[in-house]
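One chain, subunit A, links the two complexes that follow: it is found with subunit B in the first and with subunit C in the second.
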Partner chain A sequence: MTVHHDCDVLIVGSGAGGATTAAVLAEAGHHVLIVEEGPWVEQGSVVPFSLDQMDQQYRSGGVTVALGMPSIAYTEGRCAGGGTEVNSGLYWRPPEATLDSWRIKYRIKDFSTDDVLSICEEVESTLSVQKVPGEHTPASDILRRGADRLGWKNDEIPRWMTYRDGAGATEGHRQSMTRTYLPRALAAGARILCEHRLNKIVRSGRRAVSAELTDMTAATDGQNAVTISFRDVIVCGGAIQTPAILQRTGLRHRVGRTLAVHPTVKLAARFDDVVNTPDDVSVFQVKEFAPNISFGGSASHPGLVALALTDNWRDFGSAVTSWPELAIYYAAITSEGRGLVQVVPGVRDPLVTYRLTKRDRDLLGQGLGRLAMVMLEAGAKEVYPSFKGAPVVRDRADLAAMTTMFAVARASVMTVHLCSTAPMGDDDKRCATDSHGLVRGTDNVFVNDAALLPEAPGVNPQASVMAIAIRNARRYCADRAG
Partner chain B sequence: MSDSVTTQRVPSSVARFADGLLAVDLPRLPDSNRCDAVAFIERRIRVLPSITRFGVQAIAAGVHAAGVTLGHARVRRVVLKLPLPLLTEYPRLIRSLGYAYIWETWPDTDVDGGTVEGRAA
Partner chain C sequence: MREVQTIDHPTATIVTGAAGWLGTSLVTALAGDGRHGRNGSVRGLVRSEENANHLPKTIELIRGDVTNRASLDRLFDGLGDGPIDLIHAAGVIHPTASMNEFDAVNHVGTRNVMDAAHRHGVRRVVHVSSNSPFGSNGARNDRFRNDEPYHPYLGYGRSKKDAEIAVLNAVGKGLNAVMVRPPWFYGPHQPARQTTFFTMVKNGKFPILGDGGQVRSMTYVDNLIEGIVRAELVATEPGRGWWIADAEPYTVNEIVETVGDALRSEGFHVKPNKFRLPNVVGTVAEKIDTLTQRAGKYITQFHVLGEMNKNIAVDISAARNELGYDPQVALVDGMRNSIRWCLEQGIEL
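Moving on, here comes the complex of A and B:
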């Protein structure tokens, strides 16, 4: 038995791009249906940054990798609300210089910096973006203290959180998509089908006409087929799934060829006191070397501390019993390298590869060294860099030795910021879509998520994703009204 | 091969390797904890993206076949030392998953796998 649905607009994915798009379109009167591969998980029902959360809300349990030398581990949210449900919730407006550069380089029409920043203001209001009114976690204070002692620029990054007056960092309530834009969309008449996996978008010439899905909640295989007919489809599956969906639909022009990420390397640092707050991350970032290199804090559950020590277990392993005194930090870079997302016939998941340039490798080494310096200045007794063969760093002499020993091929490189696999703009040679997300070669297939960002913005990208998605959704409504 | 795996069912190549690796790395980890960790590793391997999963399973099968001929402990030592790009990722993945699970589930575990209960006994 096949279940059939009809709608004006099918939105594939419910994260930062999909949820905002759905709210704008539904409130403009369009009959919107959202399909989401993952489940709807209420905030607070799973422990943040835990393996349980990874099981429920991440694709492949959080174990996904872009192959290369070295390979880069990455994560994708796979749940209602997407990455906004599981990430740190840190909010950065896109830098003005970045927006200016994108507009010129990719020939993006109607893309004034003022307009985008004006939408950012609306997003900040909707998501209650704010700084922590009360005390910060010890892990946050470490970054601030270390950077201050070095005279390096650092700042608290606001988050999409609500707090009662004077509440501390761990007492906030995350204002993710399931708390904000998705309820707005649903209140305006949109529907959402969770745990429905898109198999195929069916085209007739330049038009997509229907979608074939699998209802993963159905008890038996014979009862899980779903088809959806629509006027337009907007793909918002994120920077990995969106290009895979487009390629499987036969749309390949500049699709999946320019994956951009912020590669990061990590270390664990040990202090005299308890500094580990397992369920939260640092809200401070060090921007002295931005946009090339930034430092921040990572989730530090005891399991993740063990993970950070794994590469040198013989030398570092004994520290694991002191995990309450350890916290994990990262150095992230803006990368000149690029990656590929390619579907392989007969295989469900795309092949993802990424190649770091020599400059990227050098920056990662510099970043790790400077991050270790911040830790030592903040009072770390021991620093454990995450690369095979790394020494324990206790002082500046160890730091110098560590810097010379660093080789990115032996490092655990990872990222949580992925974008640019279907870049937007009127430059046909660079861009997969037009300036508002319409996929080239089609009349009714749009992209509206991180895949559109022409490059990695050098800051947490979800504010950029939301602002651009709202901009494009409004343009869509204006065009369809006309 | 520890009893914890052999007494339950025919283990996969990944499970055999993971069990042996954790038994050597964490000799005082209780069998039941190691069994749980191996089960977790197997679950995660099963949901890896297709191409990564095929790669891991192919390496696991090769390592297992070599182990049958040359001895699992010997092959494990070789795998851990050989600096071959894809091969080194295999024990790294197994350790990462296993250690993350063990310390998230039993955060008081010692570096050799010993537990609070074990110390008390």
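Moving on, here comes the complex of A and C:
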């Protein structure tokens, strides 16, 4: 038995790109259907940054790997609201210089920096972007204190959270997509099918005509087929799934060729006091070396502390029992390298590869050394860098041993910011879509998510993704009446 | 220039490595009647076999060696009760006999000098360090901040890192010592290997690796002396260290072009530099350098070539702010002075 749906616009994915697109289109009168592979999980029903959350709201239980030397682990949200349900909630406008350079280099039409920033302002108001009114977590204070002692620039990054008056960092309410743009879309008449996996978009020449899906909630295999007919389809599956979907649809021009990420390396640091806040991350970032290198706090749930110590478990493992005194931090770089996303026939997940350049490797080492120094200055008793064979760092002399031994190939490199696999712009030698997300070679297949960002923005990308998605959705509504 | 609080000249200033290339410039300035001239005595530590005929006659020479602890006590004989400052400029950059010289002279020698200074109640010590304990910048637009993690580059870097730690340990025991960190310095009294550099540029044969856009901070020797004297006489907390360099870093292309211009303005015929090598040559040279150093040998050419494709660029704002350091000489004038000095000495370029 096959279930069939009809709609004007099928939106594949419900994260920062899909949810905003759905809200703008539904409010303009389009008949919108959203399909989402993951479940709808209410905020608060799962502990933030926990292994349980990784299991429920991430793809593949939390960790997927981009092959290369070294391999880079990455995570993707897989739930209603996508990555916005599980990320750190930190909000950074795209830097003006970045927008200017994208417009010129990729020939993006009607992409004035002022227009993008004015959409950012709207987003900031909708999501209640603000700083913490009350106390910061110890993990935040550590980063600020260490950087201040070195005279290194650091800032509190605002978050899209609501707080009661004077509330501390851990008392905010995340204004993720399931709290904001998805309810708006649904109120305007959009529908959402969760736990529906897209298998295929059926194409006839330049037009996509229908989609074939699997309903993963159906009890038996014979009853889980779903087809959807639409006028237009907008793919918002994130920087890994979007190019995979396009490639399976036979759309390959500049698709999945230019994956950009912010590679990161990590360390755990132990202090004399209890510093671990399992359900929150630091809201401070050190931007002294931006855009090359940035430092911030990582999720430090006990399970993740254990994970951070596994690179040298023989020497580091005993520290796990004092996890309340440990916090995890990262050094992220803007990378010159690029990666590939390629579908492999018969395999569900695409093959992802990424190549770091020499500069990238050098910067990761330099970043980890500088981050360890911030920790020592903040009063860390021991620093445990995440690479195989790493020494415990207790003072500056140990730091010399650590930086000498560091090799990227032995490090646990990971990333959460994935983008640029279907870049937008009028330069068709570089770009998979036109300046507003219409995929080249098609009349009605659009992309509207992180895949459109022509490069990694050097800051948390959610604001850039949302602003660009809203811009393109409005253009769509101006071009096609609801 | 920033106002800073200074202390009086000491009655005696001791300079280790006085006959070396930095030491010669330094003691000449301290014993002269220029702006760094001082009334107190200037004593130089010189190795027993070392030629010191080029030093000003007003310098009191003490024969000894930083590797010989007992010989260092002689530096303090008969100096009386007035304040004594010590500038530790002795060091090995390119060892001649064996790799052990790095550790023996740069590391253990520094420890010995710090101990002696502490024993004899020296008022202020300035240790001349290097960029090498800190390695190189990951990106061309990165600048080393004043405080950076150690990431020593090969044998020299390790020994200069250990020297810094020896200084910091002595500070922990109560010695008032600070450090200056000059990258690649140049100027009059330079050793023969830097004269070779001029000759290579003149003949259009200086090896530029890749696009030549690597970024390097350099220090004209008079700027360095300015930095050393300020580190000595400006009241700061012990244990501090500062980058002392020309105001801005240069690219390798700029360096080669500027030296070419300086040579031309001194009347030389300079051939256009067309000697470009792929970056991989630098990588290979570095590998050879690493392997030979591991085997206890040191080949200057491979070391220099291996470092040529690195970025070593520093931010001097801490020295500006804390010491009032304000470098007056930049590359073109500094290089012209060096070339003139070579000509005055009858050195053929």
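The rule is simple: the second predicted complex is superposed on the first by the 481 of 482 C-alpha atoms of A that agree within 3 Å, B and C clash if a C-alpha of one lies under 4 Å from a C-alpha of the other, contacts with A are read in each partner's own complex, and residues count from 1 in each chain.
Note that in this section a residue touches a chain if its C-beta (ideal position, glycine included) is under 8 Å from a C-beta of that chain, and two chains touch if they have at least 3 such contacts.
Everything quoted here is computed from the prediction, not taken from an experiment.
In the three-chain model built by superposing on subunit A, subunit B fits alongside subunit C with no clash. In the superposition on chain A, the chain among subunit B and subunit C reaching more residues of subunit A is B.
Looking at the shared chain after the overlay, A:V202 reaches neither subunit B nor subunit C. By the touch criterion stated above, A:L150 is placed in contact with subunit C alone, subunit B being left untouched. With subunit A as vertex, the superposed Cα centres of subunit B and subunit C define an angle of 90 degrees, given in steps of 10. When the shared chain is aligned, no partner comes close enough to touch A:A187: not subunit B, not subunit C.
Looking at the shared chain after the overlay, A:M69 reaches subunit B, while subunit C stays out of its contact range.
In the superposed model, A:S50 makes contact with subunit B only, not with subunit C. In the superposition on chain A, contact is made by A:A400 with subunit C only, not with subunit B.
Looking at the shared chain after the overlay, A:Q366 reaches subunit C, while subunit B stays out of its contact range. Of the two partner chains placed by the overlay, only subunit C lies in contact with A:N292; subunit B stays clear of it.
Subunit B and subunit C never share a C-alpha pair closer than 21 Å once the two structures are laid over each other.
In the superposition on chain A, the residues of subunit A contacted by subunit B and by subunit C do not overlap at all. Interface residues of subunit B facing subunit A in the complex, by the touch rule stated above, are 25, 40, 43-44, 47-52, 85, 89, 92-93, 95-97, 99-105, 107-111.
Those residues of subunit A lying in contact with subunit C across their complex are 150-152, 288-289, 292-293, 359, 362-367, 369-370, 372-373, 396-397, 399-400, 402-404.
Of all residues in subunit A, only 50-51, 59-61, 63-65, 67, 69, 71, 301-307, 309-311, 313, 317-318, 320-321, 323, 344, 347-352 touch subunit B in the complex they form. On subunit C, the positions that touch subunit A within their shared complex are 133, 135-139, 141-142, 145-152, 158, 161, 165, 168.
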